[in-house]
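Chain naming follows the written order as A, B, C and D, and within any one chain the residues start at number 1.
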Amino acid sequence: MSKNKKEVQDINRKATGEKAKGRSQGAEVWYRMRKNKGAMVGLVVVVLLILLAVFSDVIFDYSKQIAGINTKARLLPPSWEHPFGTDGKGRDLFVRVLYGTKYSLTIGVVATLISTLIAVPIGALAGYYGGFFENVVMRIMDMLSAVPFILMGIVVVSALGANMMNLIIALGIVGIPKICRMTRAAVLTVKNQEYIESARIIGLKERDIIIKHVLPNCLSPIIVSITLQVATVIISASSLSFLGLGVPAPSPEWGALLSAGRDELRQHANLTLFPGLAIMITVLALNLMGDGLRDAMDPKLRK
Amino acid sequence: MNKEYVLEIEDLTVEYVVEGEVTQAVTDLNLKVEAGTTVGLVGETGAGKTTTALAALRLVPDPPGTIRSGRILVCGQDIMKLSQKQLYNVRGQDISMIFQDPMTSLNPVETVGDQITESIMLHEKLKRPQAWEKALEMLELVGIPRTRAMEYPHQFSGGMRQRVVIAIALACNPKMLIADEPTTALDVTIQAQVLDMMKKLRDQFNMGMILITHDLGIVAEICDEVAVMYAGRIVEMGTLDEVFNHTRHPYTEGLFNSLPNIKNREAKLQPIPGLMPDPTDLPVGCAFAPRCRYATEACKAAQPAAHHFSDTHFAACTAYEDPSFRIERSKDRE
Amino acid sequence: MHKYILKRILMLIPVIFGVSLLVFCIMNVASGDVTAVMGAEELDAQQLYELKESLGLNDPLLVRYVKYMWNLITKGDLGTGYISKEPVMSLFLNRFPNTLKLALGSTLVCVILSIPLGIYSAVHHGSIADNVAMVGALLGLSIPNFWLGLVLIVIFALRLGWLPSEGAVGFKSIILPAITIGTGFMASMTRVTRSSMLDVIRSDYLRTARAKGAPERQVIYKHALKNALIPIITSIGETFATALGGAVVTEAVFSWPGVGRLIIDSIRSRDTMVVVGCIIMKTIVISVILLIVDILYAFVDPRIKSHYARARKAKIDE
Amino acid sequence: MKKLLAILLAGAMVLSLAACGNQNGTTGEAETKGEAESNTSAAEKTYKEVITLGYDQPATTLDCQVLVNSIQDTLYMLYLNTLVNFNFETKQIEPCLATEWSHNDDSTVWTFKLRNDVTFSNGEPFTADDVVFTVERMAATGVSGAADAKNVEKVVANGDYEVAITLIQANMDLPYRLAMPFWGMLNREALEKDPDNGYKVGTGGWTPVKFEPGTMVEFDKVESSWVWKDVQTPTKKIIEKTMTEESARSIAVQTDEIQFSYSFNFGDINIYDADPNVDYSIISADLIYYLGMSYESEAIGDDVNLRNAIAYAIDPTELMDVGFSGKGEPCKTFWGPNQYGIYTDYEQQLGKNLDLAKEYLAKSNHPDGLTLSLTTVSAFEQMAEVVQAQLAEIGIEIKLNITDAPGLAQTVADKKLDLLLYSKTCGVYGDQFRDILVYGNTANRMKYNNEKVAELLDKALGETDDATRLALYKEVQEITHEEMPCVPLFYGTASGLFRKGLSGVIFQSNTRHNFTYAVCEESK
């Protein structure tokens, strides 16, 4: 913490008498997060997923367990030996789903990050300044959202080639309109509050007003839509891999697993059930964490 | 003679439980209101005035607030024992309430006329047209032209909105009305109009009324009796004359001293030193002791008992154990 | 109000220009062209060149775009599909009612499920029920459509035989696809309902309503909900617009002849005329719907309506 | 005779077909459920008036000269007739609209005698002029038969019921070509009057009355058609629906919403065995899956050793397991299974032989392996993964390039093609592999350029003596077996899932099934 922040804290402590539980903003948020059971569960799961993603190459032997083919053990039902059963090429689904975390989590989070980093500033500026700029931005967003995301996938892949990075770029671009529109709506509701007026009166520059006053107050809808966007991205990746545009085989990205298991659905629902569950758990964890973060940071909700 | 009490509150205790910390908002409160009389409930913010009012309608928001104990009789029915359905009938019909900030007390997306009509339809078996007609009458009663019934709250000024709130509250002419600082948010000229109207309506409907305020001027103008609250308890209660002219409790004296004296311009204001006690851990003894000039060790030891000076006037102050004790203010008034 | 509507409609024109140019460029960048799908296996290079010439594929992009837009503006003609030679307008129009029906059905399913759930979890904010409701809503988003679609078919069409498993004939055929798509949108609509209700649930006028003796149901569903409607209507409008975009996967599972599948099949066969034509029509329809949603705001929130009235009155006074 | 045929013939409706093959005839060994059908008497049986067919590929046009694929051809056969027909049972060309046909000594001039009792669905009589018009229209704007039409010097009608076609280059396969469904005879008057719908007018037993491109086509019976001269069926309407989701399409057969589903997931056979109301038929098809090796790829080029190394590292049975639950026939040569002139007894037979593969690899330009791209369409992605794993065993690392048909064309055009996993329909006539073995044709994505092969094919085309023609084709196959432009993997299957009561369907190994005489009993 910067020096003057510490001093401000000491002053607070003295003013409210030793008893008061003075804490820095970050510690305050962490303190409140720890209280929220849901957020903690979410955080633990997310950390677990990240660890799994980072160390997957250490834990699993790529060539044998992930890429190896053994058609004799094709489509075995879930058993002790293969908790999730085996896929169409006799490879253990449990190992592939765990290994797939690396791809799906990266795709989901990075693509959503790209959309957010581009969409939120534009959306905020559009909502805040309004007028001609807002119109132009909104019309561009209408155009972008008119293009079906599968077409966007085909183009990015045929222009840049099919690899994970291009898939992430494609999914990132596709996610921009929705987040931008939502940010603008949130900023509009906050824009004409009195505290923005008063921030302007004390002479803050427009940019600072947006960053320090407007955005923090529309944090709630933004966080909610970002965590949901991760799920949408991972599932869109499955539609893209169904078109052969997803992560090239044999990498077991969850979307690819979903589309691979699609034909055997009637008798081997496990092939799509477990990747689906994996997606849900990831998104649920992100959601719980996102909610916990939002509630902790939202002064209104402090009792 | 048994007076006909519209509202009887007996040793009411209300607590708020927030993240483990327990706030004692109101402790052992007793209050009785007769039909046609107005009791002023006075005290600084945070003394528990609003909580008492909400408890009277069992409107204390359940999490985090809970009514620990106490009997509350509205026109003879103990609302603590009523079922949810019966409670709906009591509210608005036997007892109703006006709130402080007119800006936020009205539903912004419904016309003023609708909001009054809803109150009527809830309790009286009238069809919509007759209920609408009655609503227009109520509007005129509170001084708003019936032509504006179709307009929305944001098209009214603060004063006019408060009149609408009053119209809603009195639509089914309840026997008991609780007004929680009805005029605080209004400027002075409007304040006077609203108070006059309330007095006229009170007499017309012979209503019992509790007026919650921290403005002693208003109390003097409209109230018959006065109850002074401090840190969740009534420290002094009596008729207007008894409390204003024969003040007993040091806190009440402090309130009067912090008022500017129009006659004597040079008189120095004597604000009460210190701050309200932290409601999450009230002291064992008298809550006012730390700020009281006359405080003795005895005061801090135990809760002060109520000393009665007449059948309507008492003050909870240990100092009166010694009958000769007088506070400054009452010395020259004797 | 009319000035606002006119402005919004006028703004459609640059959007259509933008969208058509964007899609034209995209289809041009996309690999290959429609001849690869015409089974022209036995043609040699020369015949293939003549075939492309006959479809005008050899002209540079700009020429094709100008020709296309010229037809669109002067004759309102969206051209014909390269393969089917059917006018794109009729291709779109005879599939659009199905997509409209399905979009309405799925939005209705979503509204019926999400709004009560959103309100319930707002009223019980922070309780276990609140979290369970959120997980339930999330389930809809995480289950892929084809998985849910097939499970519904196996249960309701095959085992019980109550509902048809394919086609768009008759009312019963809408139920299963609408549920499949509707549950997918639940997650976001429930969240929006919950957060907008949370903003409203602590306002004073609810206390006034309760003081009137209004039962809790009426306080929540009438007073609170009506004030929380704006974000919810936005969410409904957005859900409907997305549903109109056509849930390709569900349309494939239920063999639902919607616009979504037409666009995807045309993209895969690089039939640019159909792709551009359908996307333009789709954009127009969605923009109109989003406009209707904005107008709806005024009816729900009088403050917005009076904002227009005041603007109009001010103009008259000038 | 096939077991199934015997059972069905014992069924109530005895359908003797004068012209076009027989009921539920199947070719090659057919795998069916085979239980004996309960023999209820004819009177009790009630028949469906509407039969609905479910196909996975969308039908996007009804102009037979624009598009060729199995669904389009299946539909053309309903409302159009060709001059001659090929009976997949007897492997002979049979008369259809033409009663007799002959060719001059160097097989450049073919004359056809036509039936005189045939009318179009718009009432116009079928004459030689219509044949002339059809050939000229194909030459002018057609795509499906463009290759044949370009080889036609002139087509002349001698009177109303005889036509002579003069070819530029002699072609013994002309009758086989003209038997293709897309060579359906069109009506001049109809097309001149209404160019946009005239092509829907045909001489077939049915006529399209409702067409939603990509969704469904509805046919009504043309009572006046010559097809119904000797045989009547109670069916009044045939509907074809596009149902891309395979499992949903199969379920629709079980719920009787559709009566026939083209192809089904062999993995679910046990479900359909258990369902008394459905039956299925899986026949080997004239469809070859191959692994092409491009000559424009720097890594491979014409390195014969590398090509053979790759050829003998692939085990087609694993591909069939993953792709089609084991159904299919491994190939012995790069030729159609029922194609005229097939030759298979090489001393080095195809199939996985790791030692041989490693031997060839050692002699190749990349003894210690290399990295290649394998391009295929998304439908074959699972099989491509198997090839990837198999080639990894001999040190060849594969990068998968999954794309769609236009994407594939682009990869070839950009010269980025190394390996290609694809399929090709192969007919029965000798010249069928010209489009893949002769340089310059679209199907020859490998850019295989061997003058000797082209010369042999040309000679064979005009060769009237059977023995010499067979020898020529043998030599072609020996060269391809040696040079290995493509690794022939396996022959695919054509399958159908249908209601128990469905009969009168002619299953054909070229995956174009004939539903003209389809009949379906109302399920009990």
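By definition in this document, a residue touches a chain if its C-beta (ideal position, glycine included) is under 8 Å from a C-beta of that chain, and two chains touch if they have at least 3 such contacts.
Note that the structure is predicted; figures quoted are calculated from it, not measured.
The greatest centre-to-centre distance from chain B, using averaged C-alpha positions, is reached by D.
Here the chain at the heart of the structure, going by C-alpha means, is C.
Among the chain pairings, C-D comes first (most C-beta pairs in contact). One inter-chain figure worth recording: chain B and chain C are separated by 54 Å, centre to centre, where each centre is the mean of the chain's CA atoms. The geometric centre of chain B is 92 Å away from that of chain D, both derived from CA atoms.
Averaged C-alpha coordinates give centres for chain A and chain C that are 23 Å from one another. Distance between chain centres (mean CA atoms), chain A to chain D: 48 Å. For chain D, the set of residues touching two or more other chains reads 247, 403-404, 407, 410.
Shown for chain B are the residues that touch two or more other chains, of which there are none. Residue positions of chain C touching 2 or more other chains, listed in rising order: 30-31, 146, 150, 154, 268. Against chain A, the residues of chain C that register as touching in their complex are 11, 14-15, 18-19, 22-23, 26-27, 29-31, 131, 134-135, 138-139, 141-144, 146-147, 150-151, 154, 187-188, 191-192, 195, 231, 234, 238, 245, 248-249, 260, 263-264, 267-268, 275, 279, 282-283, 286-287.
Residue ranges of chain D in contact with chain C, taken from their complex: 54, 58, 60-61, 63, 66-69, 72, 141, 143-144, 146-147, 150, 196, 212-216, 241-245, 247-249, 251-252, 254-255, 257-258, 403-411, 413, 424, 435, 440-443.
Against chain D, in their complex, chain A makes its touches with residues 63, 67-69, 71, 74-75, 88-89, 154, 158, 162, 242-245, 248-250, 260, 263-268.
Considering their complex, residues 246-247, 250, 265, 267-268, 270-271, 318, 321-322, 377-378, 381-382, 384-386, 388-390, 392, 399-404, 407, 410 of chain D touch chain A. Those residues of chain B that touch chain C in the complex are listed here as 57, 59, 84-85, 87-93, 96-97, 99, 101, 104-110, 118-119, 122-123, 152, 154-155, 165, 168-169.
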